[in-house]
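Okay, got some structures for you below.
Across the two complexes that follow, chain A remains constant while its partner is chain B and subsequently chain C.
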Partner chain A sequence: MWQKSKPYLLLLPAIGTIVLLFFGGLFDGLLKSFGYFPAIGETRFEAAAYTELLQSSEFWASLVLTLRIAALSSLFAGVLGAIIAISLFLLNESTKSGTSQLWHRLFQLPLTIPHLVGGYIIVLLFMQSGFLSKILATAGIIDEITDFPVLVNDPFGWGIILTYAWKEAPFISLMIYPVLARIHRSWREVARVFGAGSWDFVHEIVLPAILPAWTIATFIVFVFTFSAFEVPFLLGVTYPSVLPVYSYQLYTSGTLADRPEALALNIILAAITILLGIVVYYFSKRWNVLKGWD
Partner chain B sequence: MNDLRIINIEKKYNSRLPKNDSAFTLQPIGLTIKEGEFFSLLGPSGCGKTTLLKLVAGLIRADGGEIRMDDFDLTAVPPEDRRFAMVFQKSLLFPHMTVEENVAFGLKMQKVSKKMRLDQARNMLEHVGLQGFGFRHPDELSGGQQQRVALARALVAHPRLLLMDEPFSALDPSLREDMRELLRQIQKEFRVTVLFVTHDREEAFYLSDRIGVMSEGELLQVGTAQNLRDHPDTTKVAAFLGLKNLIEGTVTNGYFSSKLEEFEIPVPHLIEEGSCFLILRPEAIQLMPEGVIPGADAMHIRGEIQQLIFNHGFYIGKLKTANHQLECSFSSQQAKNMAAGQMVDLMISLNDIHIVKK
Partner chain C sequence: MNKTSWLTKIILVVVLMLFIGLPFLLLVLSSISFGWQWPNILPESFSFRSWEYVLTGSSDTWRAVGFSLLIAVTVTAVNILLAVPAAKSLVRNQLRAKWLFEAIIFAPIVIPPFVAVMGIHLTFLRLGLTETVLGVVLAHLSPTLPYMVRAVVISYNTLSVDWEDQARMLGAGTISRFYHVVLPHIMPGIAAGASLSILISLSQYLITFIIGSGQVVTLPILLFPFISGGDPAIASAYSLLFAGIAILTLLGMDAALKKYYQKKKTATGKA
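Up next is the complex of A and B:
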């Protein structure tokens, strides 16, 4: 009995802390979002914060912006990640030297850099007084650095999209590379003998083979960027802001009476994230990306 | 004629070890495979037969020589443009495609319309006994069924040459026999030219019109199964074909004398003088009926039976003569009256004796 329960008991302190902080915080937020806020004398339960939020134009503008940024970031990161992974795979197939390993490491580099640093790199590179605009101005391609398009702190969110595309592409390539690594070297030979050129091989064999893993990885990036805070906070504009930033603004800049609204926003955000997580889980189980591969 | 001509093709693999100049060399090989012929390359592992197959497929670049078909030089033509097909040791079906899509893959690459290629794929699946399996995925099939699909995939596009690299070696023995039978039947039906690689003598003998025996990167001898077995050119070929009873000796003045001076027999005059081996095929050695004296056209052998082993409906007898260990083949009827330790008199017709150069 003791032997059986020992591992669970040993894990209890760690699990207890996580459950208390995570679910405790979430539960506290849920209570406050429904107006239960004893600190300001509110002990009734009501859905006023949700109603107000859903009726405000700021919320919908913020939601549209968040969806757009998350969708475009995931799409760009997905395409870039797939290109990186396929290029590394083809490089690995064609060369036996250590060159491919070097490229592997190079492409994995963004994984080691924190998001905030990634965002800062984009600021330094792409802002109007940044590195790229100065190079273009010096080269005479643009007259003034102010001619360089506004890509950082812009209302569309290009700076945020660029950061996530750069930062998440290696994650996607890392997710799909194991699938590619399981493609038999002999499949290339089979495909060639049956008349497939290099593009046919990528189109007919490589892309369909990685599609399930790619979709799931891209979906994970979507879910992550949908609820991420620091990069949009650094590279976004004050209005419209993405949902997590909007929630932070409501929480810190308003009065205590605005907090239920901020927390309601967090609960909506968490609900959407959980829903998307369930969708990812459903597809990953259904597709079972390596089913039948030996 | 769509004969395949392999003209002095050669390939050298360099060793990674600095001291060795080359790790493996495929010696220049010349060979013609006729249209519709079933040709096997037979040899032990590492003898270069798969290298030769891949050179023909275009998957490896040759260091010298030519591959020609229908008088076109294919040496520099990439494999995707050769219109060949190949079945590998593993089925290597694409797991994300259904069986039907796998079979139709070659036709898709030839830009055949979807309806037509799927119709042809279904038809070919019927030929290999997999009717109704088209919508399954490869992992839902057994190893034998997967290899049938691989065969269907290779045949559906009507290749000019079908290359097969030990396709049945991963299957269990009974399944292997079924597949051999199926391949034999299908090859006859489609009249497809086949270049088949195997290390299994039985398989090569059963399937092939002609066989090329390879060893250490060299093509030693080409011939029909019977021709190779009855008249091997060298002891290497004889040993690989599993021929027993190789007796070392010399030919002088029209006579073969064994090294240990036990046997002396006349040989035809066209046999060159010098060191050689006498081959006594076990099945050609006969039990001498009582009271019969062997004539001048037969060789007498006397020895003691050491062991009798039952094998596929007949008995293998291990015989100890004065200086040699021989192997003979006896029917169950003959073996009934024999026992270990018994002395027996045997004979072999001089017409069944074969002498090979050392």
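Up next is the complex of A and C:
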């Protein structure tokens, strides 16, 4: 009996913690999103919060903004991350391992920086009176502060997109580098024998090789930015705001009536992320991204 | 050295300067600036007043650092205790419904944890867990535990059962088998998981804010008013302090791991 149940007992503390604190919270939120809240005498189930939410223009504006920011952030991070990884790979071929190790470390630095700090760096760089604006003005390209485009706390979300591109590019490069590392030196030589230059080599061999891992990594960034709160809270505008910020605004608006709506929004957000998560899982298994090839 | 590698190197140096160097330089400059009018590229004058304020002028700073580290370390310690047995079970045993257990443990990586925290908020309120460090620690567990389990699972995957059997045949009991055979092998996994766990816990804003209700002031909570429209010099100094603590914690973890193996090496060397 002990031998049989032992593996399950070993799992129990971790599973119990997640079930209690995480799924308990999800379930708690789900009940309250339907207006079921015995502590204040509400024991009815109604989908009012959901219908109200789905009929409000704020919700759809928020959803569109969130999708757009997540798509652009992950795309920019993906391109930048791929450039970093490929440059590091080409550098690795021509230098001693010690130096390239250092380069790797330096490029991973943004990963360790807290999101809020990353957001603030973008504020200092890109706000209308920020560092770039100062450089452009000194160079004589712009004359007034107002000539510099509004990139921080702007309705389009550029500040948020820039922050994520900066923060997540190292993540993308970290995810695709192991695949690059498996491209043998001999392939490069074979390519050269057949007359391929550096660009041909990158274009014909490196890019196709990293494509599956790149797609998955970029999609992970998409899912993450879709549900992240801190950066849009700092760099966004009050309206329209991304889904997590909108949920927070509803939750802290002061009226208890908005709370079921906030929780309903959370449930919708959770459902979307679960769906996206399943897509990532399916394709990463199918393409065998994490193992690569032999 | 051929032409391409020089070209790559130059591109890399430029990208690195723009990508890593510039942001940090800007934070440093901004933190020691004393008046920085547009369109001057450099501040008009320099002063350490913001650092004075951050490091000695306000007792809030060190309290926030203390709270942040206390919470991060507690969360990580609990995570290690939960993750090591769970990882062992996931790797070693043919579990029924293994996919379900994995789905449960890794769910907080996909579903944003603030959803669960907002849901459980009122229950925490009634249990008296809001505005307490304990409440915040509990709230930080689900966003961090999955990463810890994942890291330890990867380590366990490469540990052969044979080694433990060998130790058993030589008469080692459960505890000494774990301490002398299993632990040294899974230590890098634990360290990697701990680094992630600490980093994630340190940078939580929303979850800490909801459960701590502004009473548990960690670094992100302290930082936020400054970076969203406060004094730029102080905001920059706090940002650097915050980033510095995150990086130092990681480096410390790395050094501790190295020391652990060195000790192990000398211990076995003497025996």
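Convention: the second predicted complex is superposed on the first by the 269 of 294 C-alpha atoms of A that agree within 3 Å, B and C clash if a C-alpha of one lies under 4 Å from a C-alpha of the other, contacts with A are read in each partner's own complex, and residues count from 1 in each chain.
One rule holds in what follows: a contact is a pair of C-beta atoms (placed from the backbone, for glycine too) under 8 Å apart; a residue touches a chain by one contact, two chains touch by 3 or more.
It should be emphasised that the depicted structure is a prediction, and the values quoted were computed from it without experimental measurement.
Superposition of the two structures on chain A shows chain C fitting alongside chain B with no clash. Judged by the touch definition given at the top, the superposed model places A:190 against chain B, while chain C stays out of reach. In the superposition on chain A, A:204 makes contact with chain B only, while chain C stays out of contact range. Contact with chain C, but none with chain B, is seen for A:110 once the two complexes are overlaid on the shared chain.
Counting residues of chain A touched by each partner, chain B versus chain C, the larger count belongs to C. Nearest C-alpha atoms belonging to chain B and chain C sit 11 Å apart in the superposition, given in whole angstrom. Chain A makes touch with chain C in their complex at residues 7-8, 10-11, 13-15, 17-19, 21-30, 32, 37, 39, 83-84, 87-88, 90-91, 93-95, 103, 106-107, 109-110, 112-117, 119-121, 123-125, 129, 131, 133-135, 137-138, 145, 166, 169, 198, 223, 227-230, 233-234, 244, 247-248, 251, 262-263, 266-267, 269-270, 273-274, 276-277.
Contact residues of chain C toward chain A in the complex are 1-2, 4-5, 8-9, 11-12, 15-16, 19-20, 22-23, 26-27, 30, 38-41, 81-83, 85-86, 88-90, 92-93, 95, 101, 104-105, 107-120, 122-123, 126, 138-139, 141-142, 145-146, 149, 199, 202-203, 205-206, 220, 223-224, 227-228, 232, 235-236, 239, 242-243, 246-247, 250.
Of all residues in chain B, those touching chain A in their complex are 54, 57-59, 78-86, 88, 90, 92, 94-97, 105-106, 108-110, 137-140, 153, 157, 163. Residues 184, 186-187, 189-197, 200, 204-205, 208-209, 291-293 of chain A are the ones that touch chain B when the two sit in their complex.
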